[in-house]
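In order of appearance the chains are A, B and C, and numbering begins at 1 in each one.
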Amino acid sequence: MPERHPQLNAHGELRHLLTTEGLPRALIHRILDTAAGFVGVADKDIKKVPLLRGKSVFNLFFENSTRTRTTFEIAAKRLSADVVNLNVNVSSTAKGESLLDTIDNLAAMAADIFVVRHASSGAPFQIAQHVGPNLHVINAGDGRHAHPTQALLDMYTIRHFKKDFTQLRVAIVGDILHSRVARSNIHALTTLGVPEVRAIGPLTLLPSGLREMGVRVYTSLEEGLKDVDVVITLRLQNERMRGALLPSAQEYYKYYGLSPEKLALAKPDAIVMHPGPMNRGVEIDSAVADGPQSVILSQVTFGIAVRMAVMSMVASS
Amino acid sequence: MPERHPQLNAHGELRHLLTTEGLPRALIHRILDTAAGFVGVADKDIKKVPLLRGKSVFNLFFENSTRTRTTFEIAAKRLSADVVNLNVNVSSTAKGESLLDTIDNLAAMAADIFVVRHASSGAPFQIAQHVGPNLHVINAGDGRHAHPTQALLDMYTIRHFKKDFTQLRVAIVGDILHSRVARSNIHALTTLGVPEVRAIGPLTLLPSGLREMGVRVYTSLEEGLKDVDVVITLRLQNERMRGALLPSAQEYYKYYGLSPEKLALAKPDAIVMHPGPMNRGVEIDSAVADGPQSVILSQVTFGIAVRMAVMSMVASS
Amino acid sequence: MPERHPQLNAHGELRHLLTTEGLPRALIHRILDTAAGFVGVADKDIKKVPLLRGKSVFNLFFENSTRTRTTFEIAAKRLSADVVNLNVNVSSTAKGESLLDTIDNLAAMAADIFVVRHASSGAPFQIAQHVGPNLHVINAGDGRHAHPTQALLDMYTIRHFKKDFTQLRVAIVGDILHSRVARSNIHALTTLGVPEVRAIGPLTLLPSGLREMGVRVYTSLEEGLKDVDVVITLRLQNERMRGALLPSAQEYYKYYGLSPEKLALAKPDAIVMHPGPMNRGVEIDSAVADGPQSVILSQVTFGIAVRMAVMSMVASS
């Protein structure tokens, strides 16, 4: 069991958060329940709880992402932690130090939590295996592999609006091939008992192996959206649009952009999600992004609470 | 009235600080009075007051300015706020996200105050019009348009040293054309009842419309300085010196540099101000910058108190 | 006496920390004793003491070093100070402001401590001579000149493991010529009464004047390591390896890399130190870096405590 769940301790508690793959259903719900308790903190006059007071959280970003770093920074500060931001490409890595030497070094400063973003799949795992028992690693996105806090905030959002996972049809639309968000969401949705997860995209952006994960594959957005309860639109990376995998952004929008007409094929009360930042007019139409079915900004709000939950849970494991 | 004063709420309180244009005289004095109460905080053993404890201040700098960002960061921390710095050019903007999507996103994290610096005139207004009622925008400089906290700290400095605005002659010297500081100062000085505001500079750096604002225009520094109580020297941007608008820095200094000899034409107790950073030997002589009439460092000290005042006032509006 | 010790106040207390040169032996021990009291803070549940609460610490890095900046940031936050990071090359310096104008400006914001890193030897001294009595300067590395907190944490480490300085042989290995760490360590070791300090390196990387400082010079690593108690390995800067001073990294490792075989020539209980970041396989073999005699990570841990000690001492001087 510790083999299969390197992120859990001997008592089955969350020690690290590395991936949603293999994360037990009960534990996911416990994270979401804990997050529910933190949603209200943002409405208080003093938006702080003292749970991580005197703890040191290091935002270790080996890949630049101001947006994601900000969500963790705010979450940590609302837990009263001390936060240090390290943009590691510009420092020791440039000086030729190895990843694990950087980690050892920061660990020796009595760090409590590393929030790690890295371009290489697996880097947060490598770090988690390396650090001592008092250090906790949270994966903030590694290569094409996983983005578990994004998936958990998506689950929070779905649970908030749809209550019961076991009656849902969820469609994930776009560049599934390169998306750590898609991968992490598929694992979480499956674990939570969603009976029908659909992946929709052009063939060039659909990875092999989706059917083995229990996902239904569609290359037609119209067919794939039929009667779904949840639409998760993925960001189309700019580099894909300029690359060989896609003809153009206009072409992409024509076939896979979520327009009001396309969305009308889903259930009338379907919700629309997007991990941000959005390319309006490419993967999503502004009328949808700003429309009544969009819960995109709720995702952001819940994301702070989910990150507070994860940080407080690993720190007390 | 809310039309003319988008920065005031229905009770006439400061909800945002976007510009000094149209800011009522009584409100400016209230800001300066509030700042006066904060000047002493810097002298205390513990330089902190708990007014913004648990509030989230985002320094949203779409244009780099370590100096200005630092003043707001220090002011927010002395008010016990949590501060997050975002250098936005390197993040979501690069990824193609729109300004208002970035703003919505950060607002959804339960931000309380956005301190906004932007190369485009009007960006902070656009943001202020967009955000919900619990969010407050402070303009930290937008294009050539406005820099209201700089103007307010200048007003604080003038009031501190000269007491009564209604008896003063104030000269603003230099690149008026490109200066948001000049523009914001002219509005504030006029509102506060300064009977004579002068703009001094080469014709190429004087905008049209100054006379309509009630400003007397001089191209001769000697004539313009005669009998003034206050000299506000503007920074000459390096790019102007290399451009077509000016022959050279040496030439500029010869005609518009504030030397002790030139300053002697002002009243003997005239004060000299500069928003910083200074080009010594270009727009100001070191003997003046470091001389007894210079209040340049007082401006900086008062600037922290003024920013604390503005932040605490908008947060409680 | 204030002539020789610009970093001490009239009572012989530490007002600034600029260099280990001329720092009295008793004062070094007092710093290490103070640091000993802070080592335990990292093991507490709440890793904070309120000693610098409400104080403003500015990390003024005119030369980029995320690693060193992080150690000071963590140390200051554990003392409950407010910390502002300024990467000064990208701001006012680029705008042409002079170093001392930048300093005056920040001082006017009621700063308490400047932690200064600068590429120019002597810059922190210049700043210390310039600032008023309530401001304290800590040199975080200036040019090739000094890196006193690194030397003090090295002294802490040696005292921790070896107790008595007066019976030791200490070898410093590598690029002594360009190393501010070597220079600061030699001064500290000599002051603390180490009877035998050795410098080992290729002739091209050994400065003249070592013998005058009481240091024994070796070009043979084998000879130099014989019977030493402490080996301080220096980082080989990448630029040296590509330059004219050294044939190649491989060649350097062959003659001056600390391998287990070479280390066996030292005393069996000799400790191995390195200021980091390490070039494994260049100046140090991984078997040594990760071996039982390595105290490299203890240096990092003690470094936080030493920096807390220095900050709290200057602030209360």
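Here is the rule we go by: a contact is a pair of C-beta atoms (placed from the backbone, for glycine too) under 8 Å apart; a residue touches a chain by one contact, two chains touch by 3 or more.
Because the structure is predicted, anything quoted here is derived from the model rather than measured.
Visitor: Looking at chain B with chain C, do both copies bring the same residues to the contact (over half shared) or different ones?
Guide: different
Visitor: State the superposition rotation angle between the two copies chain A and chain B, fitting on C-alpha atoms only and giving a multiple of 5 degrees from 0 to 180.
Guide: Between chain A and chain B the superposing rotation measures out at 120 degrees.
Visitor: Taking each chain's centre as its mean C-alpha position, how far apart are chain B and chain C in Å?
Guide: So the centroids are 41 Å from each other.
Visitor: Out of chain B, which residues touch more than one other chain, so two or more?
Guide: Not one residue of chain B touches more than one other chain, so the list is empty.
Visitor: Using the touch definition from the top, list the residues of chain B that touch chain A in their complex.
Guide: On the chain B side, the touching residues are 53-56, 82, 84, 86-88, 90-92, 95-98, 101-102, 104-110.
Visitor: Under the stated contact criterion, what part of chain A meets chain B in this complex?
Guide: Touch list, chain A to chain B: 42-48, 64-67, 70-71, 73-74, 77-78, 238, 276-280, 297-298, 300-301, 303-304.
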